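First chain A sits with chain B, and in the next complex the same chain sits with chain C.
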Partner chain A sequence: MRETARTAAMAGLGVLVGGIALKTGASHTVWQIDPYKCSWCGLCATACVLQPSAVKCVQIYPMCGYCKLCTGYFEPEPNALNTAAENQLCPTGAIKRRALEDPYFEYSIEEELCIGCAKCVKGCTLFGNGSFHLQIRHDRCVNCNECSIAVVCPAQAISRVPADQPYKFKSREHHA
Partner chain B sequence: MKQPPPQPHESAIALTRRGFLGALAGSAATATVGAAPAPPSRSNPYEYKVDHLFKTDPKHLLYDTHGTLRLPVSDGRRVAVGPENQIWVSAGKTLLIFTSGLEKLREIQALDVIRALAVDADGTVYVAVKDHVEVFDPQGRRREPWNIPAANTWFTGIAVAEKDVFAADARNRVVLRYDKSGRLLGRLGEKDTSRKIPGLIVPSPFLDVEVAPDGLLRVTNPGRHLVETYTFDGSLVGSWGKTSMGVEGFCGCCNPINIAMLSDGRCITCEKGIPRVKRYSAKGEFEGVVVGPESFPEGLRTGAVFNKWDGSMAGVDAATDRQGRVLVLDQASNTLRIMVPKKPAATT
Partner chain C sequence: MPDQPAPKLPPLPAKTPAPGDEHPWKEPARRTAWVAGIYCAVLAVALIFSYFQSRQVNPVDHPRLVALKAALVQKPTDENLKQQIRELDLELRAAYFRHLARVQRSGWLLLGGVLVLLPALHFATWRRRLPRPGKYVVRPDLFERDARLSRLAVTAVAVLGAGLAVWAVKSAHSDLDVVLAKQAAPAKAQISPAPAVDASFPSREEMARHWPRFRGPEGAGVSPYTNVPVRWDGESSEGILWKTPLPYGSPNSPVVWSNRVFMTGGNSGQREVFCVDADTGKLLWQRPVGKPGKRLPPEDEEGRFYATSTCATDGRRVFAIFETGDLAAFDFQGQPVWQKSLGKPDNQYGHSASLELYKNLLIVQWDQADEEAGKSVIYAFNTATGAEVWKTAPRPVGASWSTPVVASAGNRTLLVATGNPWLMTYDPDTGAEVWRAQVCHGEVTPSPIVAGGLVITANEELVATKPDGTGDVTKTHVLWKQLDGIPDICSPLSDGKYVYLLTSSGILTVYELATGKRQYEHELEMEFKASPALAAGKLYLFGENGVTILAAAGPKFQELGRNKLSDLVFATPALMEGRIYLRGRNQLYCLGQKAP
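This part shows the complex of A and B:
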């Protein structure tokens, strides 16, 4: 009887330990930002162990308004709606603006230049449709055991996600 | 040099199990703190500075709050004024009807989430849900819903005139003109160079229409930051509006989101981004602020409740009554507030 109980206890412990290991094992999970929790604080640009950061802005085109006055691209009060550096919000000029049919413009991110500062994300979310948001790019992220951005993230927006579903993109379907 | 021999009391400390574990935990904590890198500074060198835009200069404030009502049903979205100054509010699928003093009279259930409503002079109410229009007679009985041809319709505004009903379809960037039986009579606001109509630009699901006291329509053109005037047959008569984060203009990518008309032709505008309700003259001159951004809850100001793309993007709606009051519905706090013009300061 005692032997049976001991075996059951050991088996239970094994399942528990195995479950925890599976859940926390770095080889099965990666870090990612929940765009709906992100508060655009700017720490992704400065707290990452990589410089420039592994965090990049992504553009969800189906959510974009293709606005002439894109509040993720332009300073809050730009001198003019053109591509002059003084009018651009992005500190590294990582957002590209391309004219489509009048009065629509397409905005895309040049990831090599993006530092993940979230200025554009805040502008787009506060005053636009929120199609810009941050994601950790896994072709760059070194998947630290403890993510140094997650440690300081005031919104606790960064957590481990399954490696086979490594991104948390916004989507229109999510909202609808 | 010889070390002094250990004193008996030093070598014979009675270390209990609890004390040992406590000491171990303390050492571990100390070691962890000592080994952890200093947290990075929380200052943000890339800060997007817009806080100053969320404050209203008191000299622009034209109205005082006369009363507020927390809605008894969640998801308050639109407000309108009906006969006898009754206040009609939509909340989810429910129509709430109040007296002008905010006493609840009754409620009506629609079949889907209500996105806009307009009340006719006889009490008939036209309710726009996502892709069709429901009609309720003055007793609250549902009439046959209008059959709207499937065209990815996304109604966000509705207005009623003597013989016509106008429904603003944000997705198709058009205002549809119906008679009161639901027969489609025409389309307004679409790009037409032969009629010198530049077309409605609607980046986010907000497009509103109102019938003005001059017998013409006012239609928002949010992507162009304009309020446009149309005849019922779709001729563009004029427009006004200015793009600006400043209080005199319309902010962000697309505003105003909703409008209401005062009986003398002045226009009340509602904005998102910088949530604010303002008053313009009949010619479109900025007159002042009804409710400023600082009066709305934090979620509305920070955009924390903006993350919806189904037309329920948190925003503000307004209506006016015959007393000249402005009724402001704030979706984020689900609160209706009655704003009355400030009394002029007494002069000696």
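This part shows the complex of A and C:
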């Protein structure tokens, strides 16, 4: 009986201390990718605890060149500059191409289809303006204590950032 | 003590548990556990199988696809190869997304199975606990009592723990909550549609008693009232009933219905509709429209105008459109009724055509890009719901900045709209084209008017077109054309006998409506942005510097007076019964004489 009471008291105290620790803990943070460190290895697509990954490609429109031959959209040496499967780099067809005024095209990401494989990011960064890049989308991310992608990221590009500034988007100013 | 033979013990009972050691649910629980266990095992095996299978259909760098694409580089014209790539690509993608859907579904099914399995296992393996050695050997009667107290204590701790856990979850601010709340914030600020709306609409006569749109009824700039103020002075405040500071210095014009004055305003970051009490000048409400964006630095905003389109009201609601493509309706209390986005138009100076109303239709001239692009259309939206009622066929015109008018002309009601190079008219009930004339040129900004049974346009040439044609009437219905004194911003004005043109550099040119004969040209030596207006036979010419010149309508120039305000004037004022609502750059002025 005494033993039970002691256990109960200890458990109660533990919960109380835990609660206080939770309230007074470090500032709120979430995981995010630094796009300037990312090396487009493709592990984001497979290492995330979620399937499909919470990492998605984002398009920074002010940086985009609206190229007719978009190196993030087309295979290297594309057969033709159209939307046929043999010409597209994205394995899931998540990039939508829309003709604007000739010779400009708009490229946007359909996040439901994007799996974060970074093929487009690699193409756009190496040969284009780098407007495609990866970000952890917080409407999907479950914010694990230890991000399983951060563990395997070869560029160590994933770190915790303040929750009120949850994204690290590329910007034209940064490039300038 | 003599040895006694050991007492003969009764034979051990068969291996059946004593009554009370067996849980009443044990047997059903055992069966349930078997079923749930097998179900979970099958699902787990299926998931593992699906996982390995998915590695074969992973569309990322699938070896066969990579090989086919490499082969295509060698044989770029091989249609058979292309077809194979397309088929395989489709197959891999479909299989991959099917796999993802299956995994998600199976996960939930497995969780359900485990939730059944665990309690079933608990009861299936339930056994009465034996008393522990110690005090219970001496006092076995204490065991039951202590066991009961222990159970109570554990339950109490569990309840306490659960309560604390709920409190912690409720009060703790999850990191993701911060992000998600931030993401959701603009969506919350969005205007949600009101449940019930008034579907009635005003008659043309009712519209004519108010100033419901840019340049008043039918966009003519003509006030039906004969007691419009003629004298005021900004310095002494004589003839000024009230003035009220405005939240934005946008150049759109005030529209007036009964005792409400509506305007819009904005900067590079946000857009608003606001309402002023016409009797007191009090700003009653202001409401945001569309998503706010990041504002440009002040030096980049310098010299630019935002919210250039004038709003419109049908006496039930006020409608506003902005250069971002945001279109919104509010009731007179400022409650949102509906809103939609038409998408940002391709327009080099920004959209500035104002809104027109006809019956229960809100008419939006949405010209953009160039004449070959086929992007220019006119929409009609239901004023009560915002639903699209009709849309014209793509208009063969480029971006324009003039406002359409719906007016009676040639025994029918026409929607008249100008764009480069066509003056086009439509049936306002259906949006079907009636006729067109190639009489517009350049950057079409002055709006058309209908006067004296003619359609008047002034876009690099002044043209009077008869309104009773069909099809292309360029060669058949153009009554006359003139080239002098054509305005670049201000719209033409007519009293039914003469047409008055005012250029932004201040040249007033007057033509006879029936013949196109020039009557006079007079230099006012002032800049003008506001379109001229007419009331009780007097022309109201609102200079950009705040000076309004009053002149007699007719074939000869005769100045009747000048009134000054210390404000810049870009917007065309509203001329109402005994009052003028004049929007300056900084203030809204209600001009009129105080009641004795």
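We take it that the second predicted complex is superposed on the first by the 149 of 176 C-alpha atoms of A that agree within 3 Å, B and C clash if a C-alpha of one lies under 4 Å from a C-alpha of the other, contacts with A are read in each partner's own complex, and residues count from 1 in each chain.
In this section, a residue touches a chain if its C-beta (ideal position, glycine included) is under 8 Å from a C-beta of that chain, and two chains touch if they have at least 3 such contacts.
Here the structure is a predicted model, which is why all the values come from computation and not from measurement.
In the superposition on chain A, A:G123 makes contact with chain B only, not with chain C. By the document's definition of touching, of the two partners only chain B reaches A:K68; chain C does not.
Once chain A of one complex is fitted onto chain A of the other, the partner contacts of A:A47 are limited to chain B, with no touch recorded for chain C. In the superposed model, A:E77 lies in contact with both chain B and chain C. When the two complexes are overlaid on their common chain A, residue A:D139 makes contact with chain C while staying clear of chain B. Contact with neither chain B nor chain C is seen for A:I60 once the two complexes are overlaid on the shared chain. By the touch criterion defined above, A:A163 reaches chain C but does not reach chain B.
When both complexes are overlaid on chain A, the residue A:T29 reaches chain C alone and has no touch with chain B. Contacts of A:A85 after superposition on the shared chain: chain C is touched, whereas chain B is not. Shared interface residues of chain A (contacting chain B in one complex, chain C in the other): 42, 45, 77, 91, 115, 117, 119. By the touch rule above, chain A contacts chain B in their complex via residues 36, 40-43, 45-47, 63, 65-71, 76-77, 89, 91, 103, 115, 117-119, 122-123, 125-130, 148, 151-152, 154, 170, 172, 174-176.
Residue ranges of chain A in contact with chain C, taken from their complex: 1, 4-5, 7-8, 11-12, 15-16, 18-19, 22-23, 28-30, 42, 45, 51-52, 75, 77, 79, 84-86, 91-93, 101, 115, 117, 119, 138-139, 141-143, 163-164, 166. If you check the complex, the residues on chain C that touch chain A are 59-62, 68-69, 72-73, 76, 81-82, 85-86, 89-90, 92-93, 96-97, 100, 103, 146, 149-150, 153-154, 156-157, 160-161, 164-165, 167-168, 171-176, 178-180, 182-183, 346, 369, 373.
In the complex of the two chains, the chain B residues touching chain A come out as 37, 39-42, 44-50, 53, 201, 203-204, 223-225, 243-246, 251-254, 272-274, 302-303, 306-310.
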